[in-house]
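Sharing a structure below in structure tokens format, with a few things to ask.
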Amino acid sequence: MKRILLLCLTCLLLAALAVLVLDAVVPLFRSRPANTESAGNWGAPYQLREYFSLHGVAESGALNLVAAIYLGYRAFDTLGETIVLVISVAGVLLFTGAR
Amino acid sequence: MAGAIILILILTGIAGVVLVDNLIKKVMSLVILNSAIVILFVWSGSLTGSEAPIMLAGARDIVDPLPQAIMLTDIVIGICVTAVALAIVLRIYERWGTVSRRKLEKLMNENDD
Amino acid sequence: MKESKIVVLVSRKLVPYILLFGLYLISYGHLSPGGGFQGGAVLSSAMLLLCLSRGVAATRRLFRYRAVSAVEITAFALFLAMAAAGTALGVSFLGNFLPLGRIGEVPSSGFILFLNLIIGLEVGAGITLICYSLLQEE
Amino acid sequence: MTEALPLLILLPFAASVLCLLARLLRRLLLAQVVAVLSLGGILLILGLLLPVLHSQGGLTYSMGGWPEPLGIALNFDTLAWSSSVMGTVVGLCALLFAIGERKYDSDFYFFFLLLVAGMEGVILTGDLFNMFVFIEIVSISSYILIAYSLSRDSLWACLRYLLLSSLSIFLFLLGLFLVYRIMGTFSLRLITASLSSAGGTVPPAASDSASGTAKALGLAVAALTVGIGLKAAFVPLHTWLPDAHAAAPHPVSALLSGVMIKVSFLAVWRILAALGTTGLQALFRWIGPLTALLAVGLALCQTDSKRLLAFHSVSQMGLITAAFGAAAGGGSAGLSASLAHILSHSLFKSLLFLSVGAAIHLTGERDLQRSSAISTPPWLMPFFLVGALSISGLPPFNGFVSKTLVVSLFKSSPLLATALRLAAVGTAASMIKLSGMFRRGRMEPLAADEAVVGSGRSAPSPFFLIPLSLLALLCLAGGIAPRFLIGSLVVSATGEPSGGFPSAYTAEHLIESGIYAALAAGVYLLIRTHRASRVLKRIRDLRLSLDGSLVLIVAAVVLFVVLGGILRGGFPSALFSR
């Protein structure tokens, strides 16, 4: 009984979530601005991409722009990520008792 | 099309986390959710251009590299969470001999009294 | 479990090439698709292959647990040191304090190359350690 | 001096490397010394930064020298300063306590330091994706610390917390995606600037209709709020907290309850301040009192001492969110009350957790029904008393000041004010119940560890005395000189003129708190009756299953989107007028 209730509730909520997400997100994807220069003050993803493609290589020295961002512009994220890795390795070792 | 697939992945993942009884499958559903997020970011970044963001000679209309870069971070974090979760599930299995959520909660409530 | 000759032989021949490919991905990460994390994941996949084909115990004899952990800790410490070196040399915290070099060559792009190496080792060693502990045989 | 900002995060990271080294070399002392030194170093840097902060208002540090839409910046203002001081002081006290407990190896200090560093990062960072990374550092290290004892309850509590938190982090990422799609950047400062410069119009996103973007932004804010709000534990999202905080080792409980939930709430605060949707903030006005009342009711039913305290963390979060929500209409009185209660709650709740933890450590008994027969060392009593009086909102402690501030915000709505007052009475009553632990019992403690018992009977260990007395002194100081201690911080953080911090010591408030105490004694006598205890037992046994709490998260998002939209009143126009 409880399980059926949970099932129905979940389906209902998932449907509601899907409707809300679709309602909000679909307009965002409907059109793509043709002229990227017209976008205002960091209004859309197009501007950052434009900047990286124009200046990224010269500023970071890496041809691979993903690497330039991953280790250059946003290296602080990467620092945090390595720390997450170190923590979870130590945690897995703790939990499995393999020391 | 890709959007529909992502939506299906997200709904599958949430439904899996909520409804499935097996703890390992719950963790797997979390992996599905994380993959859905990765695909979502990379796909939406790819809509902005047509070439890979490797600036060899002639590359001009590149896709947005930022989502790809931050998704690398997200993938690593996803791996780490999954590893920790699996280690805990392993430990729970060693202690109780079951990975069923219902059985575990029943055992916990019985032990309380 | 019985060992299969084919699996052992193939994995033995394959592992060096996988390691090489991982190193290639790491060291060319700033020039072509790839990078530290991807290369590190490939490195650890070689270790995973060894663990699966030869057994964890045999692999742990080849790559000692303490050595792998030392690599991981050293890589982490080096990353922090690289980050702090930027401040010390007057650039900025996590700033690129090495010369960029000629763009397009392997020794270029300043410390991105070195960070790639560090992260490659870190990810490789970290995932190997996770494999070691989750794949323990009873 | 700005160069010192990244040191706040780098210092504990570097210390954690040394802790790993100490594990390899098996030198526990090295890990302990390094941990204490690094937290002390952070306090020193924060002290040095204070004059700079006063003269410049706020500091910004660009990581790697990349300006903001390209790179990541650290934003350091008075809000960040006060919350990182709070985090470090509580962290240091908990650390000393952990050293005094003498049962953790160097791994523990590694995770502990990274937990503190992660919280510093969440407070300092000015970038949403970077915030996600630091939240993951905080959550993974807290998962591991909760399950550190590898006991039955702690493993299950940890897994439960992990699953709930991962689902909410997924929602956070979904919100991040929408923010990036709409705004094109993760930088909180630029988002604020872009939204306020756009005025009534929608930012130039890839949309053809203004209301479409507004809707997407509403969804994004709701997803982000639920994503971090799970850790801040207000009502539909609180289900993990009592289990997790009760199962964790005592110093970790103090740190999690004292600091982590508030840091997560400050993250929600920052997000709502940047993305500026008053609708959700107005929702908190209702969620807060509900949280406070519900959690106090559940706390009264508990017999496990740490579970009881954990429920009180939820209820105090209710007060904090209520004050935050009361600021939705504008005006900073609500914000300053919220921040004041954040600061004072972190002090008295960690004091309570540490003193109860010390009692459990020394007697080996955590159940209230049994522990009243066992006598605890008498020197613990005053520390507990300070915390209990403070959380009950009695003068002259800091809880009185901040609680009075919060309740006085709700003068215009009697319903919510009554809920908050009832919660205050319940809090005091359950503190009377908890004090049963510290009565002189008939039996001597039966701890298995002989050395532990010995140290309890003779002179108390300085590692217990120093953190407890430091926290107790701060509680007292916050109550005696609120204007000087809390007031000046709060005022500069929330931008209220210096005369605006009202005094709590009026005859009316003093009488009110006296009435609470009297009512609380009555409630305590009521719940001790035989019939009531059966009802309490029945309520205590109602446990929400894991699946139920997971569904609640999804429900919370849907609820927040819908209610936030309704409270905002018309999507596009009112959205950007903060």
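Order as written gives the chain letters A, B, C and D; numbering starts at 1 within each chain.
By our rule, a contact is a pair of C-beta atoms (placed from the backbone, for glycine too) under 8 Å apart; a residue touches a chain by one contact, two chains touch by 3 or more.
Please read all numbers here as calculations on a predicted model, not as lab measurements.
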Work out which chains are contact partners of both chain A and chain D.
B, C
Going by the average position of its CA atoms, which chain sits the greatest distance from chain C?
D
Averaging only over C-alpha atoms, locate the centres of chain B and chain D and give their separation in whole Å.
28
Whole-Å gap separating chain A and chain B, where each centre is the average of the chain's CA atoms:
12
Quick check: how many Å separate the C-alpha centres of chain A and chain C?
24
Check: chain A positions touching at least 2 other chains come out as 6, 10, 14, 17, 21, 29, 32, 45-46, 48, 57, 63-64, 66, 68, 70, 72, 74-78, 80-81, 83-89, 91-92, 95-96
Flagged in chain C as touching 2+ other chains are 31-33, 35, 37, 73, 76, 80, 83, 94, 96, 123, 130, 133-134
Chain D residues counted as touching two or more neighbouring chains
13, 20, 63-64, 129, 133, 136, 140, 143-144, 147, 150, 174, 180-181, 547, 551, 554
Which of line, ring, star, complete and other names the graph you get from chains that touch?
complete
For the complex, which residues does chain C have touching chain B?
31-33, 35, 37, 123, 127, 130, 133-134
Which stretch or stretches of chain B touch chain C in the complex?
52, 54, 72, 75-76, 79, 83, 86-87, 90
Sort out for me which residues of chain B touch chain A in the complex.
3, 7, 11, 14-15, 18-19, 44-45, 47-49, 53-56, 59-60, 62-66, 68-70, 72-73, 76-77, 79-81, 83-84, 87-88, 90-91
Partner chain B, residues of chain A touching it in the complex:
6-7, 10, 14, 17-18, 21-22, 29, 32, 45-46, 48-49, 52-53, 56-57, 63-66, 68-70, 74, 77-78, 80-81, 84-85, 87-89, 91-92, 95-96
Chain C - residues contacting chain A, complex
29-37, 65, 72-73, 75-76, 79-80, 83, 94, 96, 100-101, 103-104, 108-112, 115-116, 119, 122-123, 126, 129-130, 132-134, 136
